[in-house]
Amino acid sequence: MSEIALENLGKSFGDFTALADMNLTIANGEFMALLGPSGCGKSTTMNMIAGMLRPSSGTIKFNGLDVVDVPMAKRGVGFVFQNYAIFTHMSVRENLAYGLRAQGVRAGEMTKRVQAFAELLQLEPMLDRPAAGLSVNILQRLAIGRSAILEPAIFLLDEPLSNVDAAFRAVMRSELKSLQGQFGQTMVYVTHDQLEAMTMADRIAVMDHGKLLQVGTPLEIYNNPADTFVARFIGAPGMNILNGRLTQQADTVAVDLPGLGSVALPPALQAAAARLTTPDVLVGFRPEQINAAKAGLTMHVGFVERIGARTIVHMEQGAASAKAVLLSEVETPKARKDWTFAVPDDAIRLLDPVTGQALVGRPN
Amino acid sequence: MPDQSKLSRRSFLTSSTGAAALAVATPLYLRPDRARAASGLAVGMIGGPTGFDGAERYQYAPDTPEGRAIEAVRAMKDAGSTPDRIVLGLSDGSIGQITQPFPEGAPSIKELWEQETGITLDIVGVPNGQEFTKVMQDISTKGGGFDIYAVEWNRLGDLAESGGIVNLDEYVETHKPEWDAPERGYVGGEQGVSLLNGYRGSVYGVCLDGDFQTWNHRTDLFGDPAEQAAFADKYGYQLAPPKTWKEHDEIAAFFHRPDEGLIGCTDLRNQGWGYTNWYQRYVTMASPNQFLFADDGTALINSEQGIQATMEYVASLSHHSADAISWGWPEQYGNFATGGAAMTCAFSNLPKFLDNPGNDGSSVTGKIGSHLPPGRDHADGRVSRTVLWFNLSASVSTQSEHPELCYLFLQWLGSSRIYSWMTANPGGFFDPFQLANFSDPLVRQTYHDYHMDIVRESVRRTVPTINYPGATAFHNALDENLVAALTGSMSAEDAMANTERQWKRIARRVGEDKLVEAVRANKAAWPDLVDPV
Amino acid sequence: MQRSIAFEAFRYAVILGIVAISLVPTLWMISMAFKPIAEWSAAGADLTWWPRNPTLDNFRFIFGQSSTELIVALERTAGRPIFASLLTASVGTLIAMTAGTAAAYGLSRFGQGGNLPLALIQLRLFPPMAVMIPVMIMWSFLGLIDNWFGLSLIYGIVTLPFAFWLMKTFFDDMPREIEDAALVEGCTRWRVFLRITLPMMRPALASSALFVFILNWSDYLIALLLTTRDWATIPVYMASLSSSMTGQLYGAKAALGVIAAVPPIIMGIAIQKHLVRGLTFGALKE
Amino acid sequence: MTEVTTLMPATKKAETQANSAARLGLWLTLPAQLLVLFIALFPILMQVYISLTDWSPLDGIPWWRAYELWIGLLNYTDLMADSRFWGALWRTLFVMLVCVPVQFLLGLGLAVLFVDDFRGKRVLYSTLLVPMMVVPAVAGYMFFMLFQSGGPVNDLLSFFTSEPVRIAWLSDPDLALIAVMVADIWQWTPLMFLILLAGMISVPQDQQMAAILLGASWWRRFFTIVLPRMKSIIIIALAIRVIEIFKIFDTLFIMTGGGPGVATETISVYIYKVTQQELIWSYVAAIALAILIVLSVVSVFAIKRMQRGQDG
């Protein structure tokens, strides 16, 4: 139905550049998460798509049509605010009907659609209750329903789960995901929580400091972060990144991690490593991919954090620090002792120490 | 009057410093009469102002009311029964006459009193129009803020009934103020005294004012040959100050040119003041007088006469300022001062203030004339009447610890010598009312000869307003209905009928016996002078 | 949000129009204050909008230094009434703010004084005129007539409702967590109130105090009835600015009016940034 | 003290804290309670007492001996038939019914224009507040002059109609009422504006955005979001003006003294006249109590509504 294309999009407020040169195409029906820490430009992007802000440069196209000059009310965009912006002085029914009424839909039609949506969103029992005292998941459903009832081609959600406590977030996430499935619209979802992005989005656009760093499916981003920022930002905890030196061992290139030992590079990265002009390199690997081993890397275990199904091991060696995530049933290393572990070859990632960019030569 | 001293504030100021220096130099308590005998008291005089030409007219011998008062105060002082000060509550606009030295070289009245008695006179200013309010407040809350009150003369009855003011009969008996002295005293002798100072046969106040409403016109307009010719053409008689209401209305209409900034007549039409001008028309409806109440207390206003007077009164608005209904005397004086009107009826002090070379704000200096109130012709002659209204009277508070001393001060201040001197002072509102005042050269200088004689004649044609209990309520009821008639929200007939109805209620509240008695006493003071046509 | 040029033009036209109309009386007062007597023209023909011969005489006159020779000497200058107004309005404000703030805190935090909201609304609703007779008798009995404290006290009482209601809404709005934290750290309640709560309330106190001060400063009726000489306030004193030489001394009244507008305006400017926030009466909580 | 309490068992400690808090609360509310009691107790008792008599200070007996003039409920029955009182009451309500809505609409309109930023906002905003700072008594004198037939108001009207206008505003019963209402509107619209602007600024932006995104026009948003959201502050603003206009006196009294006739006589002016001129103080007491009773009913009702509004 609606494809969103951001072309060279930029926004500055006076001297401050909130967003620069953003190029992103969101496919029809796609669930796209804009992910990044606060101040990264994700909300600015979203507000420009909605039409609340006017771009300083670049264009926004819906289905190939430039919408920069289209006022926000006419863009056909549904928007769910961080706090839902429910009209608390109205009843649930009035909230749902607000957009229809504003668009001049006839009374009979309106009643029918409100009824239909209320059923769909399971809001029927509280239709005539005032919206003020409702629980937060109902509010979320109501906020989405209020926009969805107008059948917008595009749905924008601005950190809708940030006011919800952790326990409830999982429920809300799944609810949101299933709602998107039902409506099938293009959804852009702004969040700073990588877990939300990972669990719900079809693709994630990771942003920082007004720049788009990487776009990809959650798995792509998890497996092959484009730079150190993405590597550290995605995953909990983020990827371990250690300083290393390339060493030539026979005909293969290995990486020497000072004080820890060395790891061999997978074939795919050999070529990439060979292209480097200096031996210094950053080595990245996910904490989840560490296994205890007789030989490999050795680090000093600082402390061990048990969080139920998994255990996080905090390790140090000289200036380097790393974490390991082990399943609970696996025997855990002792605190304040050295521990030796191995990282599978294909879990190793190399990054440029100067630019922070990943060195690619990816296997898949 | 070319040699008239310029009565300006500056000259007050300069002379006041001189007098202050004098006061410091003079030993205050050691027989001040002797001390100053050398410095200007005439032979045989024991006190009074000095330092200017003619001062001896205001000095007094021991056998005068002033002399007796001062001697009595000194006797009390010697007996140690006097306070350091007495507090007099007085309208703001009148204070100047007591505190500002006049004429050049003289002390102020306050200074003279303090020199002669050693008792400080403390004057508390009260905003104009708030006098009665403040006094009632002091009486009803037992505030005790004043020894002496000064209120409108016709409130004496109310105040006496409230128990807030002292019956002065005993002191009058002892100290003999001679208010009814034939040459110097009140107009109308004993009758006048009882009207101004008395209530139900006793003395409760000492008159300090002469607010006989008098008529003024613009001599420049009346004397202008072009105007005279135009007027004669139009009305068939000579332009002159009007003698009858008919003439008055015609002349006023003739001069009424609002587009040129001139209105016919600027007598008051507002609430609280305007009804005195209705009064003048009403009381001339019969000869010698059309009374407000019959002897049995029946109201007489809801009659042909009352309605006729009301209709005339309403019709006269046509030659007034469009704003007349909202104007009080300050606006009236301001209007006349800027040359905005051909005639007016005002307090007798209008020429003193506006025909005054010291008043830069007046553009009518030298252009004011006075005339008798317009009248009405009856079978036995012409009846013309004006009204005594407002007129401050001083009374002694029952909360005062030294009532006799206060009375003595009032006897001193309100007797003809000191009073003449005071009323000549242009620094305040107190106006001449005693025979001695009218003939006093200094008073005549301040008030002008042309005016003084007219005032004296107007006094002979003056009727009192209501001065019995419930006076305020009676006046308010009349006043409100008249304003309603003026604004067109009520017909003249309804206004009179309404007033009568309200008066009946008020009479019931006051007590009809008391009312009948007071009506008779009040009536006795009405003049029966009828002029030949 | 973008607005069209037409809207901006409309906005300026309407605002400037209303500002212009609302300025007429104020400008008239200012212009009158600088007019010589010949241009006052309250009762006359030719109207002067702006002083042709501007003068400071009106200001000099009310302070007893007239250079105009035509006005009857002023027995009382404006200095004392200005002082009386400043003192009584300030002390009245102090009384109202102290009692009001304390009571608002007591009700908002400890639920004490539940009768106060209603009692104070009734107090404010009631026309002072209707209760002045007993008040005059009481004040007289207590020796408070024409006394700075007497006037301040009644001012404090009649504006107490505003102080209370304004402060109550602020306390209701203020998060308790901060105070609770301080309590846990061992401060006494009283200390928390003085050291933590009040300083946080400074903007609220400032805007409430301004509001209460303006109400006290404006009063005419109460001062008219409760003062005679020493403590007559500006509005009461103003009534005495009339003269038989010229009628109402409009210039002098206007000059005094200009002076009287200065304290509230200075205070208003001083707390401008709190003013809007200060007047929401906490009504916007959800 | 806190050290001691920490040593106590938990329940006892909580109890003591609650007690001391309650005590502190009492102490804090005490001054206000005393002031209210001080101003209410004696006046009400005295008014009740003398309202049952025919006492006037002119009777020459102190008020506490007013029982000598006992008349029962006569003052109250008089009041029922007092057309001037009812006239004054009606006039007061009329002024209220005209001024409050006009002030509200003007204030609201201005608030709409001022709610977002534009060049010169601060200066214009401050200028608009000036009338509030002018002492009402002075405003009374100025308006008296402004409304003279040869005064500035007519001069302006002449300028706009280009023919001489000489309306005697203050001498005509109807126009005088308009003039005093204009003065009140002039003086107090700024307060209304200030409060409403404060309220409007506080309406959550995202709600308005949400409404825009749902396709609502400016008017729809204004009436369905902004106004309903401002409901409680609108009630407060209206309440303040209703309360203050009910007592309207200063400016009006100086402008017209309640005249011409009784054309601008409001409740306060009427009571002032009965108190100061006719001096029937027992009757004033009856009027005062009648008003007190009516106002009490009204304010109990109002408070209930407000509390409900706050809870809801």
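In order of appearance the chains are A, B, C and D, and numbering begins at 1 in each one.
Keep this in mind: contacts are C-beta pairs under 8 Å (C-beta built on N, C-alpha and C of every residue); 3 or more make two chains touch, one makes a residue touch a chain.
What you see is a predicted model, and the numbers here were worked out from it, not measured in a lab.
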- Task: Using the touch definition from the top, list the chains contacting both chain B and chain C.
- Result: D
- Task: Check C-D against B-D and say which one is joined by more contacting C-beta pairs.
- Result: C-D
- Query: Once you find the CA centre of chain A and the CA centre of chain C, what distance in Å lies between them?
  - Reply: 57
- dist(centroid_CA(chain A), centroid_CA(chain B)) in Å evaluates to 96
- Query: If you average the Cα atoms of chain C and of chain D to get two centres, how far apart are those centres in Å?
  - Reply: 15
- Query: If you average the CA atoms of chain B and of chain D, how far apart do the two points sit, in angstrom?
  - Reply: 42
- Query: So which bits of chain B are touching at least two other chains?
  - Reply: 140, 142, 321, 323
- chain C, residues touching no fewer than two other chains: 1, 41-45, 133, 137, 248
- Could you list the positions in chain A whose residues touch two or more of the other chains? 52, 132
- Item | Touching residues on chain D, where the partner in the complex is chain B | 54, 57-63, 144, 148-150, 164, 166-168, 170-173, 176, 256-263, 273, 276-279, 281
- Task: Flag every residue of chain B that touches chain D in the complex, lowest number first.
- Result: 132-133, 136, 139-140, 142, 158, 161-164, 258-259, 270-272, 321-326, 469, 472-473, 476, 480, 483-484, 486-487, 489, 509
- Touching chain D in the complex: which residues of chain C? 1, 3, 8, 11-12, 14-16, 18-19, 22-26, 28-29, 32, 41-45, 47, 49, 95, 98-100, 102-103, 105-107, 109-113, 116-135, 137-138, 154, 156-157, 160, 164, 186-190, 193, 214, 217-221, 234-235, 238, 248, 250, 253-254, 256-257, 260-261, 264-265, 268-269, 272, 275-281, 283-285
- Can you name the residues of chain A that touch chain D in the complex? 50, 52, 72-73, 77-79, 81-83, 85, 87, 89-90, 98-99, 101-103, 130, 132, 146-147, 150
- Task: Would you tell me which residues of chain C are touching chain B in their complex?
- Result: 37-38, 40-46, 66, 68-73, 75-76, 133, 136-137, 139-141, 145-146, 224-225, 228-229, 236, 239-240, 242-248
